[in-house]
Every structure is written in structure tokens, then in C-alpha cells.
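In the two assemblies presented below, chain A is common to both, partnered first by chain B and then by chain C.
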Partner chain A sequence: MKRSPLATLLLSLVTLLVFILLYGPIFIPIVTSFFTVKYGSVDWSQMNLDAYAKLTGNEGVIEAVENTFIVGLSAVAASLVLGTVIALHCNSGKSRSRALLQFVVFLPFLMPPIITGLSLLIFFREVSIDRSMLTIIIGHTVFVLALVYRTILVRLQGIGFSMIEASYDLGASAPQTFFYVLLPNLKSALIGAGVLAFALSFDETMITILVTGTQNTLPLRLWAMMRLGFTPDINALVAIILALTTVMVLIAARYLIPKDFAGADA
Partner chain B sequence: MAVLLELKGVGKAFGATRVLEHIDLAVEDGEFITILGPSGSGKTTILRMIGGFTQPDQGQILLDGRDIAHDPINRRPFNTVFQDYALFPHMTVAGNVGYGLKVRGTANAVIKQRVGEVLDLVQLGSLAARYPAQLSGGQRQRVALARAIICQPRLILLDEPLAALDVELRKQMQEFLKDIHREIKTTFLFVTHDQEEAIAMADRICVMNYGKILQLGSPTEVYYRPHSEFVARFFGDNNLIEGVAGDRGSVATPIGTLPCAADGTEPAAGAKAFAVIRPEAIRIGNEPGANTVVAGQVSSVNFGGAATVAVVDVAGVPLRVKLPSRAEGLPLKVGDRVQLAWRTEDCRLVAA
Partner chain C sequence: MTAKPIEADRIWRGIALLAAYGLPIFFILLPLCGFLVYSLFWVEGTELHYELTLVNYRRFFTDEIYVPVLRQTVVLCLEVAGLCIAFGYPVAYFLSGLKGRKKYTLLMLLLVPLLMSYIIKMYAIRSILGGNGFLNRSLIALGIIDQPLTFFVFNLNAVLLTLSVLLLPFAILPIFLSLERIPKNLLEASADLGGSNAQSFFRVILPLSLPGVISAATFVFVLAIGDFLTPQMVGGQSGFTFGRIIYSQFGTAFNWPFGSALSVILAAVVIVAILVGARFGGEKAGVHR
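Let's turn to the complex of A and B:
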């Protein structure tokens, strides 16, 4: 069936409108970050990088960004190691204890974050761990572990047992099999899972509020600033984060599609 | 020939299912032995036990007089060609083939030289830099074989390696595997469900079903001298005539009392039994040297390429007769009355 030109035009307009409504709000801070904002209105006459210059002097925000990266990277590293170990274990056979372990891994991800956060808070208090960066890292690791574990497990199942058996059959030890055969085939899954885990950790707020000590991560800092109103340098921050996020999504897309397996499964 | 590997009383159960019952099998040094059976017969389980991928519940697997049944996979001097080849997708052909030497800490120069030699042997010298995904099925098969022979194992285990190939390629690979076997003189233990493949390749065939070894012998032995109804039927297209065993290896059937060759494995007198005659052992007309002659009526004639199969109704029992085809057709029509003749040594007696 052929559409009339008018219908095509109307459909295009509706589509455009949907895109503007969806993505317009994202572009506004990017655009305004390059202009001066005074008394609540944007001065369009002159493009400048004042907002970016101001951002470098905003110590509170910079510290929060630093904390966010420390937490995110630590949680990614911890969850990748734990996720790999648990996935290897669960993939090696079927048993009730393995099913239970998998359930425990998924629980913090499936529960409302406030419940996960409260449970962690009570746990830390009961075992007398002072709330600090460490407790935030533990909280984030627990939260992102499910995603990392699941991604690695799916890849492991794709690899299958015979490749591992073949490695042992040819005389390799367990560490040799892991480093020569498993890790190279898991690499893209690990990178993809790491990027996604970092993204989750980056904007995690609810758990962080409950388990933080005096440290602020970026979402907490922004939340706190809302009461006072945002300064223009926050626009610059949003623009930078958007750029970073875009790069991360591209990396994740590149590595989560298992190119290295195409055609190898005849 | 000397015995390389011996299975003694090996048994295995998965849960309540017994997959292997008390298997005794001696693999001779340098032979090409095929384990043949339908799916679920336990043939792959035997291979996996020898390779170390599964442990037996009972019994011993003896290599040089030592029980290796519970040795880890990587300590056994055997290598396996897997059904799905299990090539490493992230390594080149050379990387795959050289892996066994690499994990043993062999010097790079030596690995390179040996990989070159083995790839030449399997005629893949020009593809060393390719990845498995860039190869055809037959080429992957040869990489898997090269990878298994490079460490000079005592025994090569082949788990239905030709199952994924099309008919033409499979025939070529059968020849190829036999050539390699002759060349390197390593013992091959080959698992298959394909009777023709087993007959074409093996020095000895071990026929299995329901976790038991039913018969072990040369291809002609298991083909022409079956010891059981299953083996007689398994090689296809056979004539089995039901009757009651008499004394001195004869069997009383609806078409008369047939004398059979005896080799000590036949059922006792009075037991239900089958007389087994291969269709190609039956002649039309009274041949000199034939001891058994019966009369019947041709009920169908089917041209099948090299051979033509005629079905002759003898007193209500249909007998298949396989004859060499001729371009002008055979002088046989449906309805003809003919005499069928065979030699006593071509007729076997098995328990029903």
C-alpha cells in the first residue's frame, strides 16, 4: 500500500515532535552551557566557556565527581571479579546451592533500592562498620553484581563446555585454560558488563544516601544543590557527562554484540 | 598386537539410568577400532571415560597396567577430536594446532616447526593464519585432527567427528582419516552410529546397545556372522527367518529346516531363533556348491543403482535377494517362480 504525500508529511511531523519532546530537554543544558545566564534568562549574544571555567573552581562538585569515579571504578572491578567467579561456579553444574547463590546475587537488583539500602545500613551498623567510601563501594557492588554476573553467565553458556574440555584434553591446567581460552572469549562480555555496571553505579542514589558517611557522590551533591537552585556551571557538567555517557554507550554496544562468535558455531 | 588400553568391568549410571553395564574391552596398539551403536547405547560414554571427561562408577581403565580411571583429563596421553570440533575461535589455525605444545611449555621455534609439519600432514599448510570462522566444515575437521595429533598421543579419540558433514565430504574424510591413521600409526578409537562408516574405516568394530557390548570383531565378522538379532538387523536389509533352533546348528522354520553354520554362539536346541541370511548371499537358480535350495514366487523387483533387490515370497516368508544390476534389466518379473539357493556357511543362527 502506498501512503499519500500528506499522510507521510503528517507522520514525519509527529515523529519530529516526539523526538523534540524526548530529546529537547537534554539539549537545552548543552546549548545554554555555552552562553551566559543572568537573572534567569539566557544572554544569546555571545558564546563563551565561562560556565566550564567556573566548573573547575566548584570544589564541591569536583570532589563529588571524583568520589563517583572512585566508587564506580571500584564497584566495577569488584563486581567483575566476583561476577566471573560466581558465573564460572554456577556454569559448572546444577545443584540447589547454585540456584540459591544465583537467587542471592539477583536479590539486591530486584528489590526496591530503598530496601537494599536499608538492609545494608542495618548490616553495617550491626557489624560496626563505619559508613564511609568503603560502604558505598560495597553497596554499589552488591547492586550491580547481578547485571555483571548475568552478562558473563550468558557468554559462558555461549562458549559451551567442549571448548573447555578441549583445552584440558590438550594438556592445559585450570589456570592455563582460564587465561588462554576462557578470558579471551569473555573479554568483550567483561568490557560490556563493566561499562553498564559503571553507568548504573554512576547515577545510583537511593542506596548511596543510606550507606554514605560524609562523602557525597555526584547524584547526592546535585540533589543537595536542588534546594538552592543550580548555578550555570552545572549546565557545563551535564554537557560533559552527556558526552562521556555517549562514548560509554558506544563502547558497550561494540562489545556486547559478540562479533567474535559470528560464524564460529557450525 | 599388544594391548594398549584395557577396560575391565567398567560400569556407569546417571541417576537411575544405567548407561554402561560391566564393559570389558581391550584396545590394541595401533589399531583403528570403531565403537558402533545407536544413540543412547553408551558408546560416547565409553569414549568420554577414556578421555577423562566422565568417571566410571565401577571397574578399571588400565594403561600400561595402571588404573587411570580417575586421573585428570590433562594427565592422560590421549587427545580427542570433538563432535563439534571445539576449536578456539579467538586463535588462528596455527594457534589452535600449537596449543597442546604451548601449554607444555615447548619452545616457540619448535612449536612453529611442528605446527608446520602437522598442517602439511592434514593438507592445511596454506591456512595457518586463518581463524576457525573463516574455514569450511571439512577444513575445521582437519584442524581438529591436527590439534589432536600434534602432541603424539598414545590414543586418539574421535567422537562422531564426521556427523556434521554432508555425504560426499564424509566419504572423502573417511578416506582421509584412514590415510592419516596409516601414516602416523597411532591408535584410533572412533565412535559412530553409522554402520557404513564403521565398516569402511575400522580394523575392528565393537557393536553396542543398551550399555552392553554385543559383538566385537572385524567388519566382515560383524557383518556376515552376527551373534545376536540386534547385530543382524543393525547392518540393515537382512533376512531374518523366525523358527526354533534344532541340534547341530539347524533351525526349523516355516520354509523348512535350514542348516546353519555354527560357531558356538547359537542358542540351545528348542529355543526360539532366527536364521539370518544376507540378501547378497542368496542366488537365483540352483547354484553349484549351494546346500540349501527353496522355491518361491517373485513379489517385487526394485532397481537400486549398483544392486537390484528382488523380494521372493517363500511359503509366506518374504526373502530379499540382492543381485548385481544390469543395464538391460534382470531376467526377473513379478510373478516368476524361482529357486533360491545359498551355502550353509552364509546362513547364521541367532537367538530370538
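Let's turn to the complex of A and C:
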């Protein structure tokens, strides 16, 4: 069907508007981070990096960055190991217990984060685990596990059983098959899932705010700073975070999108 | 090379199985069950009574605050879903008309903001919408208004607009996928039979893309209703939502069992939404039936 020029024009205008709506809130803090803000209005006359310099002296922020990386990397490691184990198990056959396990893994992804967060909060209190970095890491792992598991499972299904059977036929043990046959084939899925999980963890706020003790991650730190009011170093921090996120998105896209996807119907 | 490696294999396999089942059950299923049980306890002052009672649920249904707030929140989230579809559908339709590489690059660009910091976007939108914000100042500078508008400043409208902007990509993707799945020959058939563009759209494309629209609405609704930070940030005093009430039970009000009961009710609403979405939307109800 050929679309009429008028329809195409209207559709592209709406698309343009949506792009502005989606990217406006991202670009405004980046742009203003290079200028001085006084009494709520931006002084456009000269660019400077004052806000960035001020940020390096902000200890709370530096600690929050450290915490965010510790939590993110730990959650990625835990979810990759657990996700791989569960995917290998669920891929090895069909049973009611496997279906149930898969359902449980997906629950935190289906339910609103407030429910995952609150259930963990109550659980930690009842089993007397003090809220700490560990509880944040558990919360994040539970949250990203579904996505990691799903990514690995899809790749495993793509590999099929013939390669695994061939490996066993040639006399390889289970660990040998895993390390020499499966792992190399899973590598790009693991990297992609890991980066995506890190990006999710990096941004996770609702579960974190419920299961944290006194530790701040970056989103929590930003949340606290923003409630107090406007300071230029928030914008500088925002710009840095967005730059980091962009890099992560690019890496994830490179590993997760199949090579022929871009030209699928060209 | 005989007994030992196989024995070791079996031990490793046992540990792996234990982890595969044990950890999700311990850290996902158990907390969720505990949570259900907690909603049946009750609180007196600061003391928690571990006795089963329905008093929290009774309070929810009889107190004149909670049911109306839930209703208002559900309506708000339906409006968010409506707005997201109103903007997401034309975008998805535009994308589906593009060719090859351009199509998927644009789609990626529309989805990337999902991974961009949620708090930052919320904060930026607040600074755009505020009484002295970018939008009001631009409108005044353009001479369209002379007093700052207040209908989108720190109230439910602000929550509506902010959530819609945050969740819009979740609406675009399912609609795009359902549009992509419509076989091209149906459109050719429609054109061959003399259908105009408008007829082809309203009689063929729109009905066949409805499952995608319903999936989109479900995604957006579920994500919107669970959000308690956005209303807190942009909602001000009047923008009270169910999520905020739940959160306050775990903070200032310090009534965890009642908060749990409210969350169970929230979960029930979410499950209904997901079931409706699964029944009428998505993969199964697609073109092939």
C-alpha cells in the first residue's frame, strides 16, 4: 500500500514530536551542565566545566559511584552464573518442576518492582539479615535474573543438542562439554546479557530504595539531591551517567542483535 | 579415568540443581509468600502482632480513602496507557512503512531512552513542567499566555504527562511488532479489491494490529501502576496515588502489614491486567488465528 503524502507527513511529524519528547529530557541536563545556572535561569554567555570540577569534591557522589559499580558487577556475576545454570537445566528437558522454576524466575519481572522490593524487605527483616550492600545485590540479582535467563535460554535453543551429543560421543565429560563446547557458543549472549543487566542495575531505583540500609547508589543519591533542590553539579553528574549508559547500550546492542537483523527485509 | 570424574560430575550436578531451584525459591518465592502472610498480621502502635486476621483488608474496603485512591490511580494509569498508544501507534505505523536498515535504526533509537536513567528523565521533565519551568516560560515568551499555567504543575496531570513520556517506548515496540506481522498480501488484496488507503487502514491494518495495542496498553498500565517515585517527584500534595500510599505505610506510617495488604491488592490488579493482556493481546491472538 502506498501511503498518501499527507498521511506520511503527519506520521513523520508525530514521530519527530515523540523523538523530542523522549530525548528532550535527556539533552536538557547535558546542555545546561556546561553553563552556569543562577536563580533558576541559565547564563548562556560562556561555557565552563565548573559543575564538573565541583563534582569531584563531592564525596557522597564518589561513594555512590563505587557502590553502584560494586552492586552492578556483583549482580551481573550472580545472575550470569545462576541464569546459565537454570537455563541449562530448563533446556535439558520438559517437566512440571522446570515450568514452575521458570515461572518463579519471571515473577519479579512481571510484578511491579514495589512488590519485589517490599517482599524482600519483609523477608530480610524476618530472617534477620541487616539491610546492607548485600541486600541491594540480592534485590538487583532477583530483578535482572529473568532477562539474563531468557537471553541465555534463547541462545541455548539456537545451539541445539547435536553439538552437545557430538561432544559426549567423542568422550568429553560434562565439564569439558560445558567449557569447550557450550561456553564459547554462549559467549556473546553472556556478554550482551551481562551488559544489559548492568545497565538495568545501574538505573534500578524502586527496589533499591526499599532494600537499602544507609548505602546510596547513584540513582538514590540523585533522588536525594533532587529532592533538596537544584544544583549545577547534578547536571554534570547526569551528563556523566548518560554518557556511561550510552556506551553500555552500544555494547549490548553489538552483542545481542543478530548480524542479519538490521537488513532483515532489505 | 573411571569412577572418580563421574562421581565429581554427579556432585557438581547436584550443587547446580540445588542452586537452580534453591536460590529462586529462597529469594523470590519465599519472600512473596511471606508477604502474603504478613498482610494478615496486624499492628498496634509500634508493636507487630503475628496473628492471622483480615483486619487490614477490612480497613481497605471500609475506609473512605483507599478505594477511591485505587480507582483514581487505575483511571490515571489507563489514561497513561491511552496517551502512550495515541502517540505510539502513529510512530509504530510510520516505522513499519520504512525500509530496511532505516527502520531498525529508528526503532533502536526510540527504545534506547528506556535504558537511560529514569530518575534523571523524571527530574528533567519536572523542570520542564514546573510553574517557572521551560514550558511555561516558552509559552509566556511566545505571548501565548501571560500567567504561568498551573494545570500541569505538581498534580495528577503532571504525573500523567511524566509517566506517559517515560513509558512511551513500551507502547511503540509491541504495536510495531504486530504491524510487522500483518502479511503484505492482505494489503495488496485490499487494494486490488478497490479499497482506498483509509479503508485498507481501518478495515485491515487497524483490526489486525489490535493485539499489539492491547499488549502495549498492558505493559504501560502495569509499569505505571507500580511506580511510586514518579508521583512522589512530580505529583506534589494533590497527586496522590496508590503506590505512594503503599510506600508511606513502610515509611512514615510504619504499618507494614497494612502496606502488605495494600500491595496484595495492587498485585491482584496487576494480575488481572496481565491476564486481560494475555487473553486479548500479544502473540497468541495474532494474525494466524
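By definition in this document, the second predicted complex is superposed on the first by the 238 of 266 C-alpha atoms of A that agree within 3 Å, B and C clash if a C-alpha of one lies under 4 Å from a C-alpha of the other, contacts with A are read in each partner's own complex, and residues count from 1 in each chain.
One rule holds for everything that comes next: a residue touches a chain if its C-beta (ideal position, glycine included) is under 8 Å from a C-beta of that chain, and two chains touch if they have at least 3 such contacts.
Computed from a predicted structure; not experimentally measured.
Put simply, more of the residues of chain A are touched by C, taking chain B and chain C as the two choices. Within the superposed three-chain model, A:S173 lies in touch with chain B and with chain C [touch as defined at top]. Of the two partner chains placed by superposition, only chain C is touched by A:I241; chain B is not.
In the superposed model, A:P184 lies in contact with chain B only, and not with chain C.
Once chain A of one complex is fitted onto chain A of the other, the partner contacts of A:S162 are limited to chain B, with no touch recorded for chain C. Once chain A of one complex is fitted onto chain A of the other, the partner contacts of A:G213 are absent, as it touches neither chain B nor chain C.
When both complexes are overlaid on chain A, the residue A:T8 reaches chain C alone and has no touch with chain B. Common to the chain B-facing and chain C-facing surfaces of chain A are residues 173, 261-264, 266.
Taken together, the chain A residues at the contact with chain B in this complex read 160, 162-163, 165-173, 176, 180-181, 184-185, 260-264, 266. Taken in their complex, chain A has these residues touching chain C: 1-4, 7-8, 10-12, 14-15, 17-19, 21-26, 28-29, 40, 82, 85-86, 88-89, 97, 101, 104-105, 107-108, 110-115, 118-123, 126, 138, 141-142, 145, 173-175, 196, 199-200, 202-203, 205-206, 209-210, 219, 222-223, 226-227, 230, 234, 238, 241-242, 245-246, 248-249, 253, 261-266. Those residues of chain C lying in contact with chain A across their complex are 5, 9, 12-13, 16-17, 19-21, 23-25, 27-32, 34-35, 38, 87-88, 90-91, 93-95, 97, 99-101, 103-106, 108-110, 112-113, 115-121, 123-125, 127-128, 132, 134, 165, 168-169, 172, 187-188, 190-191, 197, 200, 222-223, 225-229, 233, 243, 246-247, 250, 256, 259-260, 263, 266-267, 270, 274. Touching chain A in their complex are the following residues of chain B: 51-53, 72-74, 78-80, 82-84, 86-90, 99-100, 102-104, 131-134, 137, 140, 147, 151, 164.
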